[in-house]
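Got some structures for you, see below.
Shared between the two complexes below is subunit A, which pairs with subunit B and subunit C, respectively.
Moving on to the complex of A and B:
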């Protein structure tokens, strides 16, 4: 058995200034089983609970063309019968042990987790390992669950103009990359998913050499290693698993705009997204600067530039915000959103937003605002250490989007080293309208 | 040997009105070899020449994700060395026989053709059949030709803002279908094409069961059949060739706009494209109506609505036009274009165009204009029969985009049966801004 060990006291990496909150010294250990399963153990002995998260390095952007939705499909199929368990039995076992379980899918990963008393971890591994390879996919199971997913799409997307709008916007943001497709899948492609496709997907991607096991809580690395060896160790890896190479974007040369009208919409809404760098392994500086940029322009609270200027000084919007999504294998997104005040036209609200941004690009961040955000980030990174489940999610997400354990541990420090100049450099690079889509979701025009 | 024969006197299908031009009775015969090669013979004995066209049912929309440009790559590679011929020898042989040869690629097909004296046809088949399977793809050949293609992309696309603009517009038109990619390929993907990918593509798609042989000219079906059997007959088909299923479009719910600025552009230019039905086998009526719509709105000449209203009655544009591209396997495009007169703003020119279209949708086509186009189409369909090479292209394109010999032969009659009501029905369906992209190519803004 080949194993690499690394144990780091995370807290040691976070510079603690006088008066900072007290920090638990969280300990992270990682190793890899012979069959390729990467394991991360996050110790937190304050309470006798444990979280198991099994992350597959496969998401919506890894689907074959025309099979959108198949990654998310497994979020459902994985709770069906295996050779050992009946359909639904997985969650019944977790519940019977007083635990909770769930699953989630993104463009880059699919993850399954259970939160249980720490002494139930062995059982959780047993049943999670069972369904990694032993799911029984029949035509009937696939057909039934496909209908469930179509109904889910009905409820979450097709009956929600905001979701449809985001979906169309995203499809316009990417010219070539499969990040263009919706995680739940295009309806017409969900309808076509069949057992053979599901089987092929499962056999390829549900494998120890395509997974990351994260265990957090009242556990020791040795005990986790023994349990992982016992339950996951015997599972054969997928031979010749191809590297994750998705089609990349060509240069985006033309600013795009998009307008969607829907009778169900009552208030106009603007969303603009720009292509942005993602967190890159060993090179997270631009991503860290984008975290600041989003906070400065439109972070939560009322002190961001957009809120101050557009909500209070010269009221034009109900609310305005900015966000940065950088936890992705291939490309991040920087976004802006606003809802105009009644009586303010869409054009006027957007022009006001653009004026705020132009002003920011010309003058840079206020010193006090920048310092306040740095302090907030330091605090939130420290607080984050208190939450073992949140940490587990951080590691799982990082390790399925091209980052390493080291990158996760470096992140708080990288955030603290960002300078106003870094923010301005990345702002000038990212806030390039040629790489953006601006969408307006509008009420249906009244018939004249 | 299994062969199906069909011979139809095309001219018989075209209603000839008094005073119409004289028509050659062109005879079309089609059959299929045992290995799947479909053969179409178009007899034209007026001159002792023959055209061989070999069409592969593979184009840019059939490429694997991330391998854009590989279909077009073969337009180059197919002139390299085989086991029998040296690099470049193919074209030298054609030229030595007094012939011409060339090749072209679309999203749905790649085609190779030679025009020679009819008694050289056997030789042409010999060398065309040779390169169907016996190309020698080395790393060196692939690398060298990749550089040639990158240079071709430089010249045709990257140094031409109009081409870049079309490319970006097309990518915005399709949310999911690979018609979004450029035929020549995205630069970063061309750079990555390698021998192994080329080899796999060639072994799969360059096969008799994925090809249509069209021979036109001073030939007889029997002679063509014998030659085809001799040269193509021995070639093994690709076993288990998958049906051509590309990802289809989801509902397009949001109108898109796109603006590209380029310092090399001197005059603003508008292009708007709408998704439109393609010619469908056995169901070509909508496509035929779209041919009328394009002619009525912005056909060549100065009598179209857009030309009359925007060039002459109230001059707003240098020129304006409409087009319909419906020869496609999965989806057609209806397009509008214009260049504003100096001093007319982009907004004013576009508004004027939209007013013309709105007026057309409200009032329908003028009776005289409709009748004139019907007559023109009848004449052009009759003239088309005179051009054996043009007919060969029609059949090749049709048979590689989902149509049949019968569809090609029905087309002139389908065109003649279109009514003004058909045109209005398809206009109302297609001219839906939600399924459109409107792009403006503009000069770089002057620095203020």
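Moving on to the complex of A and C:
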């Protein structure tokens, strides 16, 4: 199957009113190899640069119980020796080609990328394909890298009370779904990860039928197809790879609350998360409305409702914000955060925030605010074209979280079609404290 | 989120690359004499504009430390007839993107504007730069945000390490104190201080500009005259050179944390030194923040002591450092510091031909990567101007790297890497390390 989408000039479809911005679109081709590897090509011929991203449909939420952190651990191990390359040689080859490489892990995916001059792409595919199946691990390698990961956890989580608090909040939000576990893993489980577990994980999940190849930049679909057939084509798929069925979250019936204290905290901080729908293939309308809801409530630090009411009209907070994370296979999250002004109690700040939300649910969005957000979302598509790597991430993330190329193509238009009524419907559904977790991170002395 | 390699780098923009030697940089001089570099790129209907005002937080009166930082944060908080709300609404309705930032040596303005409403966006930006209001309620509100950040920094090992390191390095010079200021200095800042900081820091005599995107030279010239023509011709005087006061040894700052943060460094090499390019190449071999550098290999890959370690040449306008940073468990802090010390000594002895060849391939090949978007190119071009380079620099930069010989490296290595002068600042509860004078 092969489809080519060419710059959709939505400007022709959408009436241009004052302040409206034409939507352009990227040039995208996608196809699938016989062994199941899905390939997406995004053309941007402005500079002779290409990025290869290989996304695996496996992440922290796919880990076996007791092995938290193994997906991320494996991301590190992928830079070790294969049958053809010595440990570290992968990055040396990329560097010798003047390229940059790295990788990242989330709950739903693990991805590897290289940015290189476009004429080096073939070599990048050769070495990326090599490590899909041919990694060779030793106990020494596993032990040393486990220490690196423990230092990473030290640096990014244990040294930062805000990170520890977010970890606790997320664990409290999910009773049953593995989205509860931290991507980096719980320390005691990282300490126990061993070679046998790592190898079993690798054999199952690192396979062409569990991966998406995204190539963006100064490339043509035909050339990418030829290279992909040559390097990835011969790799055998994992037979009988089970569909991703994680334990799902039951309806949340009771509000959950946490308080955490830490001597390293100077300013009290509130975080609240609500379970929310994620972007669903063919049905992204609720997610699109949630994007507006987050912007309206707490997107701008100046004009959003929380900023206006709590920072300007009746100052109660240093800052406040809202966010929506909907790029996930099984569940999204809608979140709120605030830092009270010195002298304002936690209770008073939280009550003020809840009053703003109650008021919003009663009255709905201002027309002008809604229109501004719509214009900004449309303009963001113009700015997005300036960043081929960003577009590659957009496709990779979508295709590893249950969406299709068509869903990605549709998303800007779905966003443009959101109405204030859509926003209010989803707001009433999501902003229910019975399906939320509220946490306060406090300095030690302020705990009552 | 990126999980594997933390980027510690302050890699100088000036050595950013252009494989794109065909990149067509035009030098634009506006009718009123404002100079800028322009790359026309009409494929996408927007323009990226980068403006740098030299001076930045270094212009602060020491008693009013943090004034330039707070002033810059207030530029988007109301202008001319618009209060903060109205200004933000107008900007967002145009889908324009303005970012104002301050650093040790600069106030920077980064803007992205759609072609279809560019003149309205420019007018809005002009009002922010030329006629900011500094309303008292905005000053107080943003001051509160800055103070919360300063208080949080007192409990953050990374911030503590950096503040201690800069104090030891620069003493009473403005570089010796955080650009954000202290709780006391920020609490004392007034609206008049904001007006004075604005007048001193946003002037036309230390101005660097680049534009990349859907705009012609003629359009850019007219835009710049309108945007900046009313700013004062000259700004506040610069503070003068900073003497680097670092001496060899260890400074331990006790702080309860599971992992010690380590900053290290000593005096560096100025950008206009004839040996700057060999020094840059050498540092990339020793402490480049990527796999394969000596420090990453010895500390992370072989021993698992850290998640990330790197070193870099820091070239402030008034001082130069070679320095680096890492974090490691308290129990391994001494081992890590000892290893760094010995790697510093090894660096002073130079490198092998194989190391030099490999890093040249990397640096020259990576040339193109930073030239892949309008915004990125605009950032690189403004950095090149601040470094004093000409528009021909992209075309000759790789040749400068290729020309570096082992002899060049050996010469600069002896001069630059001085293990006896290396000061380590360690924040945490490191086992086996004590402060030395």
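Following the convention adopted for this analysis, the second predicted complex is superposed on the first by the 419 of 448 C-alpha atoms of A that agree within 3 Å, B and C clash if a C-alpha of one lies under 4 Å from a C-alpha of the other, contacts with A are read in each partner's own complex, and residues count from 1 in each chain.
FYI, contacts are C-beta pairs under 8 Å (C-beta built on N, C-alpha and C of every residue); 3 or more make two chains touch, one makes a residue touch a chain.
Just so we're clear, the structure is a prediction, and the values are computed from it rather than from any experiment.
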Go through the superposed model and pick first if A:154 touches only subunit B, second if only subunit C, both, or neither. second
Return first, second, both or neither, reflecting whether A:282 touches subunit B, subunit C, both chains, or no partner chain. neither
Could you tell me if A:239 is touching subunit B, subunit C, both of them or neither one (first, second, both, neither)? neither
Taking the superposition on A as described, I'd like to know which of subunit B and subunit C A:343 touches: first, second, both or neither. neither
Have a look and say if subunit B or subunit C is in touch with more residues of subunit A. C
Could you look at A:97 and tell me whether it touches subunit B, subunit C, both or neither (first, second, both, neither)? second
Tell me, which parts of subunit B touch subunit A in their complex? 65-66, 68, 164-165, 168-169, 171-172, 175-176, 178, 180-181, 186-189, 245-248, 250, 252-260, 262, 434, 439
Enumerate the contact residues on subunit A facing subunit C in the complex. 19, 21-22, 24, 46-49, 72, 75-76, 79, 87-88, 91-92, 95-100, 102-106, 115-117, 120, 143-152, 154-156, 158-159, 183-184, 217, 263-267, 300, 302-303, 308, 311-312, 315, 318-319, 339, 341-342, 368, 371-373, 375-376, 378-380, 382-383, 385-389
Of subunit C, residues touching subunit A in the complex: 1-6, 19-20, 41, 43-46, 48, 76-77, 84-85, 87-89, 92-95, 97, 112, 114, 116-117, 141, 144-145, 148, 151-152, 154-157, 256-259, 261, 290-292, 297, 300-308, 327-329, 358, 361-369, 371-375
